[in-house]
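Order of writing sets the chain letters: A, B, C, D, E and F. Residues in each chain are counted from 1.
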Amino acid sequence: MRLQAKYKWLPTPFRTILLFAVWLLLNNSVSPGHLILGAVLAIVIPLSIAPFRKPQPLILRPGLAFKQLLIVLWDIITANVEVAIKILGPSKRLRPGFIKVPLDLKHDLPITMLASTVSLTPGTVSAEVYPIPESLPQGQEPEQRFLLIHVLDMGDEQELINSIKSRYEAPLKEIFQC
Amino acid sequence: MLEHVLLIVFAMIGVSLVLNLWRLIVGPSIPDRILALDTMYINTIALIILYGIGMQTQIYFEAALLIAMLGFVSTVAVCKYLLRGDIIE
Amino acid sequence: MMQHLITLPILLPLLAGIILLLPPCGKNLIIRRWTAMFMALLTLIASTVLLQQLLQGGPIVYAIGTWQPPFGIVLYADPLAVLLTILTSFLTLVTTIYASRGDDKKGSFYHPLTHFLLMGVNGAFLTGDLFNLFVFFEVLLIASYALLMHKTDKQTTKAALHYVVLNLVGSSIFLIALGILYGVLGTLNMADLATKVAQLQGDDIYLAKIGGLLLLIVFALKAALLPLHLWLAATYSRAMPAVAAQFAVMTKVGIYAMMRVFTMIFGDNAGELSGMATTWLWPLALVTLVVGAVGVLASEDLRRLTANLVIVSVGTLVAMVALNNEQATAVAIYYLLHSTVGCAAMFLVADLIGLQRGKVQDRLVNSRSVAEPKLLGICFVLCAIALAGLPPLSGFIAKLWLLDAAWESKIAWVFWPIYLIVSLATLVALSRAGTSLFWHDNPQQDEQFEDAVYAGKRRSFAVLLMLAVPVLMTVFAAPLTEVSQHAAATLHNTQVAVDTVFALAKGQ
Amino acid sequence: MTLLWIPLLSLIGSLLASFTGKLSRNQSAIITAIMPILGLALVLSLAPDVLAGETLYSSLPWIPELGVNLSFRLDGLALLFCLLILCIGLLVILYARYYLSENDSMPKLYAYLMLFMTAMLGIVTANNIIQMWFFWELTSISSFLLISYWSHKPEARKGARMALAITGAGGLALLAGLVLIGQLVGSYELDVILQSAEVIKSSSWYPVILVLVLLGAFTKSAQFPFHFWLPHAMAAPTPVSAYLHSATMVKAGIFLLARFYPALAGTELWFIIVGVTGLTTLLVGAYIALFKHDLKGLLAYSTISHLGLITLLLGLDTQLATVAAIFHIINHAIFKASLFMATGIIDHETGTRDMRKLNGMWRYMPYTATLAMVAAASMAGVPLLNGFLSKEMFFAETLHQQMLGSMSWLIPVLATVAGALSVAYSARFIHDVFFNGEPKDLPKDPHEAPRYMRVPIEVLVAMCVLVGLFPAFVVDPILSVASNAVLAGDAPDYKLAIWHGFNLPLFMSAVAVAGGLFIYSQRKYLFQFQASLPSVNAKRAFDAGIQQVMTWSREQVLRIENGSLQRYVFILLLSALVLAGLPLFEMHTLAGSKGLSDIDAHNAIGAALLMIGALATLVWHRSRMVALIMISVVGLMTSVAFSRFSAPDLALTQLTVEVVTVMLLMLALFFLPQRTPKESSSIRILRDLGISSAIGIVIGSICYAVLTRPHESISQFFVANAKTGGGGTNVVNVILVDFRGFDTLGEITVLGIAALGIYKLLLNLPLFMPASDSEGRPWARERHPLLLASISQSLLPLAIMVSVYIFLRGHNLPGGGFIAGLVTSIAFILQYMANGSNWIRARMDINYRKVIASGLAIATLTGMGSWLFGRNFLTSWFDYFDIPLVGKTELASAMIFDLGVYLTVVGATLMILASLGKLTAETPKEKVNL
Amino acid sequence: MFEWIIAAFLLAGGAFILIGSIGLVKMPDFFMRLHGPTKATTLGMASLLIAANVYFSVTNGEVNIKEILISIFLLITAPITGYMLIKSAIHHDLKAREDTKGLDKIEDD
Amino acid sequence: MELLYASCVGLLVACGVYLILRARTFPVVLGLTMLSYAVNLFLFSSGRLQINKAPVLGQSAGYADPLPQALVLTAIVIGFAMTAFVVILAIRGRADLGNDHVDGQPRSKKGS
């Protein structure tokens, strides 16, 4: 795990790339002018708002990250078809429920990414990360975090927990090396 | 053909909006209404995009983009209010 | 530089506001005060030079951004407008001096806000574009909202809430009126509107009429014309006196707007629409006069009394506006200058009196006297004389001229009795106020004034500066009446105004 | 300009006097006297010419537009009055020096007295009637100050106020009358007016003019029924009374009658009004005088009575009566001044003026007593004294009256009765004070007054005697020129002599003296009779009257101005409804000539959502949270409508503003009580529904009328010039930053000021922070939800990128500084929400005030920059540059202007929300139960 | 050919959006209602935006993928919206369908 | 369409006015917001309704009247500033006056 980037002028390389892409997308152009401007902005903007960044683990395995992204995208598509069918079907047959997934991840950003992934994929919505800081004594860090998830149609609870941990949490741990 | 498809899709979005409005009015709870409103934001993006295709103009793209961005902020703010009362503390 | 002079009464206060927010003014109160005074003085000088320029030549038109009328926004300066910017700059200067004794510390941003207010008011006077007028109205309103809440207590907050909500509704009405007028006439430049109104046909006339009448509502609300006057007494009497003194000019913005719009756009050339405001203004003005006088009699403290005097002056002014002739306008101009300064001075005097009477403040009860009876007594008497329209101060000239103008307009039989009785009520109320404030069964000894706040040099200077105006307006009555008449003549010569504006368009 | 100096010297005297505070009393008196002495010398130096029949003029233009000039005239009447005013004034100065106690401020009295003298001299020398009115009102003001000299006495304050109110009212009437005269005659110059008598009298306005002018004169001269203020003015120090009520103040009214005699008199109306008023006043004054126990009260009513006499004389239809009137003006001034002074001495030396206590003063102050008795005898009209002469003339003139037709004999009879009454009260004055046994419970041991205090009385009494004995020698010259002035040059022949032989007037005098003595001897019965009558206290009645007016006013104001915003708004809206609604009825058809366009489903759904949203907001407005959600729908649909109807910029703006507005409303939700109690009555709800639907219908109709009309506007110009003149293809943006950049400058100023104002509002704001929501649920403990915090951090650079994009493209495509500014702000607000304001402040300590100011400065200076190139404010500049790699790029000053807009928006929005956030972060949540 | 692609994406998008909204109306409790809009709509929007991209790429004659940005935004924000909504629902003690499992896992906030 | 648009404007005005006439600050603020939507739509309509004619040069065949759009934009911004102020003023009023009645004190049922 690394919290600080290699170069001071590039505190968040992945983000800079994203911003650069966004600029080109916004302008729908790859003209030299926009390439230059986009690059400048993509570097300057993160720098100028650097103070707002809480130190978070950096993406250290970009390749894996890309692969994971594609997996998630695929899951989103299939999940949506699945959910659509469930919605159209009789709702009485659905078996809703809450599950609590114990997390190995410790840092906010990876947890957030996991929660987002969960929310976007099959019939699950992240509801809460336990324990909330306010329930702990002042300044104390939580030892074990849990993710509370609402499931639209739940089969075997443990199986679901395992699949979330293996399919989504493990790669994240790998990507962030934490 | 595209015109007809557009009409059909437009009808779908229209029905969606009406359904959103239904949930918005019926509630029953506040979170239900916020959810309905949030959905309505997104459906409005769809409406604007469709409109752009229909009118062959991209001039409304930014409006859609901003709804996507800002609808989120509104919803978050309302939820924050429900949770904490004070949205900026 | 001289060709841009007309922008200075707007831009100088704007710059002042900006400078006063930035270092070194932002942090250091002393520098801030002196800068504020200096900038107000500069604005006053610029306005005065502008007036001089106007009196030598005709009205001046200035195209912002070099965009010719009717497309761009123009500034239009005639003697009336510039007299009013002079008045406003003067009031700002004096109140700034007055507040620099410590009132400016009671809340934040006093100095920038007064300059923003000045900018809004001057902009409203100088603009030749109807929508731009709306914008400047908003500038002056928002600045006034903020200033009203400078020093707060329960009653101020309530008064401010009412004032703000009413004006927000008023702004909405303004926008609707603008929408109608643009929708029918397709333009916003006042001179162009005047030309287009004259060419209206069919039902469009009535739409334009609705637009005009809605504008009238907005201006009447600003001017505090009955029945839209209800906010004024509470607002002005609750505002910090230095602020109230500056506010004394704000009702006049409404009256100025009436004069401008209903002589230029819906003036004599407007065909079926000409004089449409008069039907409403005349009776309302008279009732305003009476209600103002009743308010004056009913007032339980000096600030409220002064606020009601503002209403009286509004009634008087609007009556003159309703007559819609040159003579009446000339009187209105003279009276406007006089009454505004008079009321402003009285607000300041009321403050000083209140500061020296402990808990009773400026309430009109026989309880304790002031610590500086001589200074405040003289100031009060001068204000009272000016406001009651007694000699030797300028009020009597205004009074005489008002009667004169009413006679010439053949409405003496109704205006005279009402006006004279109102004058009497004012006199009675002021004399009662003075006797209760200054005279007591047991004049206090010096040691009883421990809690009294003395006027001090700066505040005394400010008040005396203000009071010099009615004196000078009496001594120099001849040139002033001449300028007023010139201003009135220019205002009523709509064709010249329209031609001046369009000469600019052709010139480019 | 010699004549100007007559009042001017006194004015200088007034100033001089006010600066004598540090000097001794003698010095103060001497310095004060210098100027009137000079004035007197001046008048005397001019007197020969006037006595020779000349009228002196001088004039100075003042307000030519209004016909007001400083013009003076000195004719016989003016000379007479000048002499009276100055001479008696000087005597009063001397007298007052001794009268005032150590505690009283000498300079104050002298300054006021001299001011008053100025005013009086101004009245009598004025040749412009407006100028005359100017000084007339000045007498009201200065007498107000004089009467209230002892302001610690309630009766002095009330007396002064009453005098001011009555004479002020009269002054206003007079002004009206004078303006009318001026309008009729075409000039305010007295010369012209006096020569235009016919114009005035033949005008249909004559009765009005007469009544108005007379109202002025009668109030000032305390004529019935306006007489009641005068006795209460006696609360003034005696020197003041001596001056005001003998020679000056009250004589001003008489002077006015005399001055306008040539122009206004000579008609039936004049004689009836003036004569009857004078007669009534004469009798009423004399009768009441008899019952006053207060010496000054007696003199006050006697003054009223004598003023009535003079008025009556002026109202009589003979020229000789007028001469008599002027003669009596002189005589009354002399004896009344001396009587007041004598009274002052008695009061000064005994401590009381109550005749029931004062008895046998002859023994203690024989010298003063002698003087007082002579003066009183003059007042009673005893032969060999001046009072006798004018009274004889008066009696003689009453005999020639036809004023009351067949009942005209009543006039001499009533005159005799009045004469008798005046003898009676004079007798009372003499007998009751100087004789009539021993004094009772005097506060002081009585003795003679200081030597010099008596000098003024001596002088005046000497004059009584001199005039009485040698009238032809002493007063004839001045009397005749004065009469000539009043009668416009044709004074009749008359003979001033002590003895006219045995005639009816002499008989009347004898009857009067005998009757008077008889009345006095039988006073016991008269007093009993008077005591049985209900007593009317004029002051109390007047005060009660004023009080009633005030109370009534207060009630009205409280009724109308009831402090209810709902009412104020209702009135405003109703006014708008009426003014906008009425012309609608005048229209023939609402729809214009432009055809309607079709409704498509797109619009129908949008409209339905908008309408249902609006109605839902209304229906649920008491469940505030729901209403807030519903109004968001309206806002969203409004922006959809904008994009639907070809206004992408508006749609963007509306969307961004909407978010911030909702946040503000949420703040309101939190800090305001969360429930709206049901408190409107059904009638109120119905009324409100009525007016709101009416307004909705009216505005909707107008909107429909506008929409269906063909449209011609100036905007083709903008479309045509946006690219070539403004350098941008987004016409709306070019209008905003260029064509109408001035509006935008104003608009961002508004935004900046709003932020400053809100900052002010939040200063020292004691917040109510509820510890639970409206349903009593305590707030969640988690301040900053984890997921939100980290996602918002990722969104921040993205949002800023978007705002840069929107900013840069604004000039050519929808977007611009304002929207970009709001997007940036919202991105930061999200940070505030997610992480709290303390967290933000620790990382970004930006002073938003400076951001706002810089934004405004950039915009303003960009505009002013064009001055450097000799162009008008806000003239834009743009050009295209070929930049390597980047290609053709436009640079425009409008972009810099837009940057100013951007900064102001960011600064203002963040200032608003951040300062509130700061406040709440510092305030602990209270356990407030709602 | 492009027309078919566009039409397919449009129809798919419309259908997903409609289904999401149907879910919003049809589901018995708040927690279940949440699933429809947050997911179905996200995908529906993506389809629509792809259709728009293709359409404008074709009509403008150049590659146009800027609409995809909106999708990126929605993908990032939708989970947070759902998370915040469910948090407030829990805070408001909204009743879940009776047979919902694991209600005991919800802690007091 | 014109009729529909005008009806929307009229309804918004009516709802706004009704809310402004309420006795508590929150509904009044809501009403002002609503009224400003209505007013903006009204002012916008003075340029008439045009579909697909955004006044951006080169984007469409004809152009809608850009001026009312610019005016409405200014009006929106000013309205926003004013709404912000009135909201904070209402909060201040609640703090100073102790309740949210627009007149500072709840009246008896009869009075209001």
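By our rule, contacts are C-beta pairs under 8 Å (C-beta built on N, C-alpha and C of every residue); 3 or more make two chains touch, one makes a residue touch a chain.
Note that the structure is predicted; figures quoted are calculated from it, not measured.
Undergrad: Steps needed, at minimum, to get from chain C to chain E via touching chains?
TA: Step count on the best path from chain C to chain E: 2.
Undergrad: What chains, if any, are shared contacts of chain B and chain D?
TA: A chain counts here if it touches both chain B and chain D, which gives E, F.
Undergrad: Farthest from chain D in C-alpha centre terms, which chain would that be?
TA: A
Undergrad: Between D-F and B-E, which chain pair is linked by more C-beta pairs in contact?
TA: D-F
Undergrad: Mind checking the centre-to-centre distance between chain B and chain C? Centres are C-alpha means, answer in whole Å.
TA: 49
Undergrad: Rounded to a whole Å, what is the gap between the Cα centroids of chain B and chain F?
TA: Result: the chain centres lie 21 Å from each other.
Undergrad: Could you state the distance in Å from the CA-based centre of chain A to that of chain D?
TA: For chain A versus chain D, the centre distance works out to 74 Å.
Undergrad: Please compute the C-alpha centroid of chain A, do the same for chain E, then give the distance between them in whole Å.
TA: Their C-alpha centroids are separated by 17 Å.
Undergrad: What residues in chain F touch two or more of the other chains?
TA: Correct list: 20, 25, 28, 38, 40, 42, 44-48, 51-52, 54, 56, 60, 67, 71, 74, 78-79, 81-82, 85, 89-90, 92, 102-104.
Undergrad: Which positions in chain A touch two or more other chains at once?
TA: Counting only residues that touch two or more other chains, chain A contributes 22, 26-27, 115-116, 126, 132, 135.
Undergrad: Out of chain D, which residues touch more than one other chain, so two or more?
TA: Touching at least two other chains: 563, 565, 569, 573, 628, 644, 648, 667, 669, 699, 706-707, 711, 713-715, 718, 739-740, 743, 747, 750, 753-754, 757, 761, 780-783, 785, 787-788, 791, 794-795, 798, 802, 813-814, 916.
Undergrad: What pairs of chains are touching here?
TA: The set of touching chain pairs is A-D, A-E, B-D, B-E, B-F, C-D, C-F, D-E, D-F.
Undergrad: If you look only at chain A, which of its residues touch chain E in the complex?
TA: Contacts found on chain A: 22, 25-28, 76-77, 79-80, 83-84, 87-88, 91, 94-100, 115-120, 123, 125-128, 130-132, 135, 148, 150, 152, 154, 157.
Undergrad: For chain E, which residues count as touching chain B in their complex?
TA: Touching chain B: residues 3, 6-7, 10-11, 13-15, 17-18, 20-22, 24-25, 30, 33-34, 37, 41, 44-45, 48-49, 51-52, 55-56, 59, 64, 66-67, 69-70, 73-74, 77, 80-81, 84-85, 87-89, 91-92, 94, 109 of chain E.
Undergrad: In the complex of these two chains, what residues of chain D are touching chain F?
TA: 563-566, 569-570, 573, 594, 596-600, 603-604, 607, 610-611, 614-615, 617-618, 621-622, 624, 627-628, 631, 634-635, 638, 641-642, 644-650, 653-654, 657, 660-661, 664-665, 667-669, 671-673, 676-677, 679-681, 684, 688-689, 691-693, 695-697, 699-701, 703-704, 706-708, 711, 713-715, 718-719, 722-723, 729-732, 735-736, 739-740, 743-744, 747-748, 750-751, 753-755, 757-758, 761-762, 765-768, 812-814, 818, 908, 912, 916
Undergrad: Which positions of chain E touch chain D when the two form their complex?
TA: My answer: residues 73, 76-77, 79-80, 83-84, 87, 91-93, 109.
Undergrad: If we count contacts the way the header does, which residues on chain B are in touch with chain F in the complex?
TA: Spelled out, the residues of chain B in touch with chain F are 55, 57, 59.
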